[in-house]
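Take a look at the structures below.
Here come two complexes built around chain A, the first alongside chain B, the second alongside chain C.
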Partner chain A sequence: MADFEPKIVAFLCNWCAYAGADLAGVSRLQYPSNIRPIRVMCSGRVDPLFIVKAFKEGCDGVLVAG
Partner chain B sequence: MTQKLLDITGIGKDRLHLAWVSSAEAQRFVDVVTQTTATVKGLGKFDPQEFASALSAAEMTLGGEALRWLVGKEVKLTTSGDVYGRKWDTERYESVLDAMLEREYYKNLIYQAVKEGCTSVRDICTRVGLELKKVSYLLADLEKTNQIEFKCMEDRKPVFAAL
Partner chain C sequence: MDKCIACGLCAEKCPKKVTNAFDAGLAKRKAIYVEYEQAVPLKYAIDENCIYFKNGKCKACEKFCPTGAINFEDQPKELTINAGAVLIAPGCAVYDPGLYDTYGYKKSPDIVTSLEFERILAATGPFGGHLVRPSDHKKPKKVAWIQCVGSRDMHPGSQPYCSGVCCTYAIKEAIIAKEHEKGELDTAIFYIDIRTHGKDFERYYNRAQAVGVRFLKSKISSILPSETGNLRIDYTDKAGLRVEEEFDMVVLSVGFTASHKALDLAQKLGVETDQYQHALTSSFNPVRTTKPGIFVCGTFESPKDIPQSVIESSASAAEIEALLAESRESMTLTKETPEEIDVKGDPPRIGVFVCNCGTNIGGFLDVPDVVKFAKTLPSVVFVEDNLFSCSQDTQEQITQVIKEQNLNRVVVAACTPRTHEPLFQETVTNAGINKYLFEMANIRNQCSWVHSNDSAAATEKAKDLVRMSVARAGLLEPLYDPEMEVNQSALVIGGGLAGITTANNLAQQGYVTHLIEKSDVLGGQALNLYETWQGEDVQKKLAGLIKAAEADKNINILTNTQIKEVSGFVGNFQTTVETAGTEQVIEHGVAIIATGAQEFKPDQYLYGEDQRVLTGLELDRKLIDDNLALNEIRTAVFIQCVGSRIEERPYCSKVCCTHSVKNALKLKQLKPEMDVFVIYRDMRTYGLREDLYREARAKGVAFIHYDFDKELVVSKNQNDLNVRCTSYVLQREVEINPDLLVLATPIVPPRENPVASLFKVPLNDDGFFVEAHVKLQPIDFATKGVFVCGLAHSPKPVDEAIAQGLGAASRAATILAKDTVQISSLVSQVDVEKCIGCGLCDEICAFNAIILEDPEGKGYKAKNIPASCKGCGLCAASCPQQAIDMLHFRDQQIIESVCAAM
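Here is the complex of A and B:
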């Protein structure tokens, strides 16, 4: 499958990665549109169960960024 | 730990990426996302149906009391010591955690198998892919914690049921 576009759930820390993503947008940097960001107040908030849940719901990958 | 568990389940740890990006590092964020996307793309589509029982077992394992206790005690065990005052080194802690992770996972996988209708020990073995002896041990454990009960004998084979 050459044109396979994965769905990636991204848990982004409000203060670090989310702001980084925001800055990437503001500075018009190109990045793949496969990620579905979920903003959390801290990456420590991400429970391993969230990750399993994400896979159960059918996403192809999970990214946790803090 | 979750990555290790994903490896045990057969989903593979490459589907879960962890990265630290600060708010000033837009370029790094772009790199991380690009790399993650490329890796997951290379792995292909994920089918949750295929891993349904593995995912349920993983969910039970990660939500279970035993592992949460152990993870919560990490700092205490490695810095101030256990109830006997023995300090654990990180390797020892890791190996205990790994062993427990695997054991809990297989226990929950057996539980799922029984729930889905594999009632004899041999059925469970072929379903879970473990040897007979190990499955028997874990079944005994599950009986102790009242998750599984011994129901009856069916032509000289024990039949189990999930509670």
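Here is the complex of A and C:
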């Protein structure tokens, strides 16, 4: 498990979390490269089925931020 | 400036470090800089510390700038702008506690100003958001806030007025600091009066007390570094005793002060200022300066907080819109776009453009590898990399490639869609491609910049991001932003001061306005007011406003009128109203809710039992009618917060302190030998109103700060009224026998407000309407086309009600000014075949954008209202039948991205 690198799908709200992730870039804050962001217009858009689908496809974690 | 792509290379290479003023001097930045990360436009600028400007040598930034954006030969230019009106918003300055070093600010680095503390708390601040003290970077265990630093102070350099914002911000800082340290931090706020008079601020104050923020009413004697390396505060507590306490850190809650730049501007423009160098205005024209055609908003007018500044900015816009109504749209240009190519049914031909962003992407990850990878993806027929995808020449080149390669989908892998999607959408539109067939992969802000230490990982992630975007792009559909006609008229509900103001302004702008009032006269609560705090005659001014409304042919006044039914949405409302038994339907494009509130009638302190006991407005009535039996009054007592700031009604009504002080002064003026007492909890004469409080004390009005935890009793002893309470200062019970007892009672909204449910807009726990955003959208609702102003929003004085009334007119005009309203395509779509009419979507939609209908009597079906929809997709995610999908963010489009991420 030492070299385990999880793949994490992140559903980010366009108006806050996605904007926050953009600002982290402007500030050059460094963080692990494991997340794959998906922009949605609101975290309310995230259907539980999307999360199930992500796990089914083999992702190790799902982040919903908004 | 057009060439700067904000890559930051210039700042990285610049050898000159200077103190960062944005970080309140706590950190360094370079001589070439952006002021802060969220700056708009995000462009670097060079300040006067530049080595080249001083020595004529260096130009490192110019050498390294990848886009040639630096021009040392640039000179200041003088521009002439022809304008019909001018709005000034130059703001104010902040008090410098080092000027006269009363507070030891310069004696210890651990005595900081509140603005410095804000930066310490900020994640982008000098300590990365860790709460540490500047001297030794250790976590403080005890932090003190000192209120009224530079405010409510007659000493040289300070301002006599109250800055109005510091109490609430200090509470906010204390709560955040406590949350940051998970409660293991002792916080104490040293104050004179806690002035949390804004909407919902009192609740915030109560919350601070509940989480253990200590509030100490006190007078500070000194703040000195102690032998232990801490800071010792000597103060006099509310009982008059000398106390000493040590803290690790002291925050000075600095107030506003005059800005010399603002004053210079005012003088150049010929705008008169008051004794504190604020632009002179009046309660009934709160954003007009003394010079016609020049308007003012924000703290240059007087000290104020964010919501009020935003309200005033809208109010100024309304004044200007009315002034320039004739020339509206006379200079508007329309853009021409080429005809769109129909790609429906064509198999996707995707073009991918990978941006290097100079070295911002190309410097940290392997762009050629990403390009090579993109070529292997399904449906991708063209891939290239650009040095700068957003540059003018590349844009033209992309347009060309789309045409040559017959591309019908375009993916740009570059920065963030939040800033660049509109630009690239325009590029594809120029090639005849629908803008919704464009997609971005964010490989800069969310990849190269944040994984700059690991090129291999960043490259892999960039490939995944491109694959995800390409997968989604293949499923994108052309969409057309629909336009709907706007009924260019307004409905104003409530004929009080705010409603009349809105109606008058909209009518002056040229819009037909229906002004409906429940009672038989216009005027609302203002009919009961004697004078504003600035001494203006309310009845005279109100009569003028009503007369103007009655004379305006654009205004249709309906008194004795109530709303029965509302249907429709932004641009097209139909409202059924009833006037004296007759119903009619009013069609309108926007609605402004100005339904007001009223004075609370108490059931204590002998109110209603003894005619010497009045409410604040009842005293005003006597002053208006000039029938106060002055010869019978030797002693008058005002009691504050009667029915306010209690568990049942935990809000502050904002106006009552000033109202009582104003009337106390009036009584003193009418009969100087009268003994006048004001019994209070916190004296909240905020902003410039502090002058009245000072004047009242100078003229002999006695203020009794009473212990709220001990009973205040009003009784009748034979025929004498008797008021008993416990004074903090005297530490004993005081007893007064007044001939006039005035109870300052709260402003209460109606118990039932059908307007809220008719327009489906929310009320808060106190019964006031809830705006879309407390700070930034204080007039709007989340529901489009409906606005709020006046007491319906929250308790407020005349000038603020008028400003909000004007502001509502301006917000409404943003819709009324156009014949059509363009609706976003990113809305919900209902599949009526799948819909089972459960109504969950209707219930959860915060914007009234989805409703249940039973058009054929065959059971309910959901129907979306695109004009009201904000595209959040909550309905789609919640629908148990998956009968709802979101255009451009369809289930399948999102799922395709999810699959491609793996």
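Couple of notes before you dig in:
Keep in mind that, in the parts below, the second predicted complex is superposed on the first by the 66 of 66 C-alpha atoms of A that agree within 3 Å, B and C clash if a C-alpha of one lies under 4 Å from a C-alpha of the other, contacts with A are read in each partner's own complex, and residues count from 1 in each chain.
Note that a contact is a pair of C-beta atoms (placed from the backbone, for glycine too) under 8 Å apart; a residue touches a chain by one contact, two chains touch by 3 or more.
Fair warning: this is a prediction, and the values are worked out from it, not measured in the lab.
Using the contact criterion defined above for the overlaid structures, shared-chain residue A:44 touches chain C, although it does not reach chain B.
Once chain A of one complex is fitted onto chain A of the other, the partner contacts of A:63 are limited to chain B, with no touch recorded for chain C. In the superposition on chain A, A:9 makes contact with chain C only, while chain B stays out of contact range. When the two complexes are overlaid on their common chain A, residue A:29 makes contact with chain B and with chain C alike. When the two complexes are overlaid on their common chain A, residue A:52 makes contact with chain B while staying clear of chain C. Applying the stated contact rule after C-alpha superposition, one finds that A:19 touches each of chain B and chain C.
Residue overlap on chain A between the chain B contacts of one complex and the chain C contacts of the other covers 18-19, 21, 23-24, 26-27, 29-32, 47-49, 53, 57-59.
Chain A contributes residues 1, 4-6, 8, 10, 15-21, 23-24, 26-27, 29-32, 34-35, 47-49, 51-53, 55-66 to its touches with chain B in the complex. Looking at the complex, you find that chain B touches chain A at residues 1-2, 5, 11, 15-30, 32-34, 36-37, 39-41, 43-46, 48, 51, 55, 58-59, 62-63. By the touch criterion stated above, chain C contacts chain A in their complex at residues 6, 8, 37-38, 42, 124, 416-419, 442, 444-447, 449-454, 457-458, 460-461, 464-465, 468, 826, 870-874, 876-877, 886, 889, 891, 894-895, 897-899, 901-902. Taken in their complex, chain A has these residues touching chain C: 7, 9, 14, 18-19, 21-33, 36-42, 44-50, 53-54, 57-59.
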